[in-house]
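So, here's a batch of structures to check.
First chain A sits with chain B, and in the next complex the same chain sits with chain C.
Right, the complex of A and B next:
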């Protein structure tokens, strides 16, 4: 129609039709403006809090990481990348980064393996499945601070539960939390004890989504149990596994309550991880500039962790 | 086949024991008289003296009230903000929708726990240090809640909201009378996750509070465990730990399915 009208003058009734159309369009446009307005009003409360406590803080961290701002200073002073060069030349910073990586290694894969193992155990129905489920999941609903206070006494030298156990086997008692080589493994045990039940439920729901027909087909083909697990269950669980790995990785960076409760970074900063280091710099030494710089580094690590999931999401996933 | 079941059963029992021992020890220690050596089998007589002692030695009653106020305060405001936002994102096709989703994903990727430093300076410039509002306000918008409710709102047929419009409902009435009741299970899931998270949260409250009147239970426990009153006596610390975990643990025992399903949905990304 539109093409025609260029060459031939439109008839009268067509003109009327066109005018009707345009007035309808303006009405539609008005409606869409109204709709956009209402949508904005509905979103406003959420967006205000989101902006105040997530977006601006992210920008602010970048801004303050270029500033010198310490206790007693009224205004931040621009110092460029000095905070970064200071940190990168500080052996303590590298020790903390090492601790963070080590703690992640000691928690992410073990807690995922444990979570998967517990899910497989629960997936076999038994009379006691209910009890098993309660015992594996109950640490999840407990505060980390409470879990840490229980384990603090389990690790206590001499009178503690673990030392009692070692003694009953005739082994010498150990000091776990006060030695720089055992403190992170000891903390990671506590962490895995709490986290495994959480990761377990994702694997469990992943396992229950795999159709039983597949297993039957494999069984008819004469596949062995072990083969079924590696060639069927494991690939089908891949989306769950990737998804769980992001949760596990993010959690290992953002949980520090057990460090605050059990060691406070002792001995000799051997149990200080990145977020706890931010906490120490910001709220013990009151150095906002350095704390912001560390926040920026943690933000970048979190973004990389999230994008890892984003990029692996398409490849290596087998859909049902 | 039978053998395999037995092996699985033994393995599961072993793991369950490993997971239960700390809890059993906690409960046994809480309800027996103090002893020098730890043991998971009660060796001293039953007594309530540990619980009575900690209630008098530290203001746990006050901490309890604070935690309940904080958790309820966060959840009430979240319900309002999240419902409105989820409605806009599920039913209305408006411009900038993609931008809003992007902002929501930013909060999912960067949790508030990481932003303690800049958030602290925001709170202190608002003059809110050492108030309950300071603990609550960063959590008033929940990206997780918006996505969860949006999913649930999307399943509600448009015909229902059209019918309510014909009956003369305005927008707010449609949300309140059609969408909210239809999405009850999603609210339960969101509520359980939100309540457990904030009941258990420690790092943020310890940063922004410094008085008994505003401290939640988790901070109270950490302070008590390191104080002189606890005298490194584990029976007291155990009693304090017990009263903190008791409400959620009991709720979990009664509503296992709801808890587990809610926590599964908490992973949505």
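Right, the complex of A and C next:
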């Protein structure tokens, strides 16, 4: 455990000098046990919560994914990998996976680009910079449910804000949330609006860690603004970018409140993503076997995504 | 500090441990003991927990709490604690979660259609012996058959109807006059519905529709309800969407395909309804604003519409085709399994109290739900109410054509299967026949384990 490496072992020459430990050394040994003991106690609350709410549920999910446990069954019935074969042959499952991938594509890269752009714009000392930073960050602190309610009103056909705006220009109204081809892009707009500010903060702190001397040197060398960005800023931001991309990807899988609030997966499951599908199976149909199977699949996807990012991007990081 | 650093650290660690252990213990200890000493300390007062949903507009929370406190003044040894649990869907989830977490309520109000799921998950008790003990046949036979049908599983009674509803049409009499239609005759059949709606559509100078002919809710949770009515209106011999025992569904009969095509045509061919998935929650507000000439909605909204409409409005039967037909909806009382006999009897007392003819009549008036007992309609309060608000009588008259809405085992899943495929047909991803065939296949697959 990392804990113990913090504490130094007794120095070699001290032990070699005298086989019998002096009272001084015994006292030091006792103290190091005491410190380890305190360390364990201080870690215990986190360890308890982590075990109860993360480790045990993960193990239980793996266990239940091999069982058939539906509404009305008293005990789970072992069915091996039947849940997995059922899902892989179910067209609805593949539709959900497709929706999830599409939604990630529509949100991860745009929100990162937007966040980076905002950070670049706001990385200067200006009277209004503070105000702009607050206003771009404020969507992040709003609860998603409140955001979803507002956007539902914006998208509402006829009476909603967007339609009123379109009508004032003489354009026809829209039904973005009710068409299977536009519902995911419409939802991703809501999501990007909310997340961009969050990612902007990370990029801002990354930008501010780059020393200004390099910029001065580049300017003296006569580099153009775009070259400065592409050859200097962006590579030095790579650690931040890796971190932000992991956050953005996991969040795009994790945040489904807006789906639950705005469309409930409709029309015809065109806006159901994997986590919402897990919720449906677990808490609407009460099919714990299938819900656990889907959870295991989600877990594996997240692990693959995280490891891919860390292993391929490692070579590109330049540390200061 | 007056102690050594290592001792202080040890103390800090212990305090943190105890605090977190305390938090875990406190968080887990949510159960009520369920009994309390009454003020004179003599008998134990039984405290019953009741989950209830609110699905329609109106001050239902206040009314439920008044019901509970009225009951307590007549029965000082029993306290009923009503706990609001969202709309019907939320309530279903909360009840299941509470039952699975072993902290169930003593009684609850839930959809009548949930009875198969509740029986198969062993969550409720049959009420026949409680009925025999207090109420008997006289009590049960007073309930209208259209509503009482929803309480039987395998010949036993599992729930008592309380706030029941049916779907009717509301129409804007002023709009009718404007369109040259007789404001006292709502459309009686599908052909008249189309003809009247076409006259009711109003466009502005730019050609945008400012008033639609008819509005029909199509989202998940509402589509299957109104479609049940259309199915009953068109089926060969009055068959419903499912069998009485909840084990089979009949989605893809030719008559149902015809009915679905009719609804698609309202949007695409006759253009009397906005395209896309029309939302249940939007309809009453839009109707009150004059954006629809006719809407299909629950009787439960009568109080809301009569209070807020600035125009003359009327109510009518759902327009029929081969015959009139309408779905029933709404909530029944259930008693949870696993509570003591004493508590069951206390819960039964409350149910009898709440379902007395006068109280059901009063609930009808206060909320717009339909009283499920025949004798409620003989009470003077009801007769006065019909005098003041004649539109309310339509729901009661339509009851003889009303049948239960889509109710099966695993009903949440079956509803979702039907609604998803219904919507696919409405937005044009599938044809009516493809959608209903697919729904039938998927639903039959899910119901296989109950055959």
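Everything that follows uses one rule, which is that the second predicted complex is superposed on the first by the 277 of 320 C-alpha atoms of A that agree within 3 Å, B and C clash if a C-alpha of one lies under 4 Å from a C-alpha of the other, contacts with A are read in each partner's own complex, and residues count from 1 in each chain.
Here is the rule we go by: a residue touches a chain if its C-beta (ideal position, glycine included) is under 8 Å from a C-beta of that chain, and two chains touch if they have at least 3 such contacts.
Source: prediction; values computed, not measured.
Superimposing the complexes on chain A yields a three-chain arrangement in which chain B and chain C clash.
When the two complexes are overlaid on their common chain A, residue A:45 makes contact with chain B and with chain C alike. Of the two partners, chain B and chain C, it is B that touches more residues of chain A.
Once the two complexes are laid over each other on the shared chain, residue contacts for A:298 go to chain B alone; chain C is not touched. In the superposition on chain A, contact is made by A:71 with chain C only, not with chain B. In the superposition on chain A, contact of A:31 is made with chain C only, not with chain B. Using the contact criterion defined above for the overlaid structures, shared-chain residue A:151 touches chain B, although it does not reach chain C. Within the superposed three-chain model, A:82 lies out of touch with both chain B and chain C [touch as defined at top].
Of the two partner chains placed around the shared chain by superposition, chain B and chain C are both touched by A:283.
None of the stretches 39-47, 147-155 or 165-173 of chain B clash with chain C in the superposition except 165-173.
Chain A residues in contact with chain B (one complex) as well as with chain C (other complex) are 35, 38, 42, 45, 48-49, 52, 156, 159, 283. Residues 31, 34-35, 37-38, 41-42, 44-45, 48-49, 52, 70-72, 74, 156-159, 167, 170, 172-173, 175, 178-180, 264, 266-269, 280, 283-287 of chain A are the ones that touch chain C when the two sit in their complex. Chain contact summary for the complex, chain C toward chain A: residues 6, 9-10, 12-14, 16-17, 19-20, 24, 89, 93, 96-97, 117, 120-122, 206, 208, 219-220, 274-277, 282, 286, 291, 409-410, 412-413, 416, 419-421, 423-424, 426-427, 429, 449. Residues of chain B that touch chain A in their complex: 4-5, 8-9, 11-13, 15-16, 19-23, 25-26, 36-40, 80-82, 84-85, 87-89, 92-96, 100, 103-104, 106-107, 109-122, 137-138, 140-141, 143, 146, 171, 196, 199-203, 206-207, 217-218, 221-222, 225, 234, 237-238, 240-241, 244-245, 248-249, 251-253, 256, 259-260, 263-264, 267, 269. Per the touch definition, chain A reaches chain B in the complex via residues 32, 35-36, 38-40, 42-43, 45-58, 60-61, 64, 117-118, 121-122, 124, 126, 128, 130-146, 149-154, 156, 159-161, 164, 193, 197-198, 201-202, 205, 225, 243-244, 246-247, 250, 253-257, 260-261, 275, 278-279, 282-283, 288, 291-292, 295, 298-299, 302-303, 306, 309.
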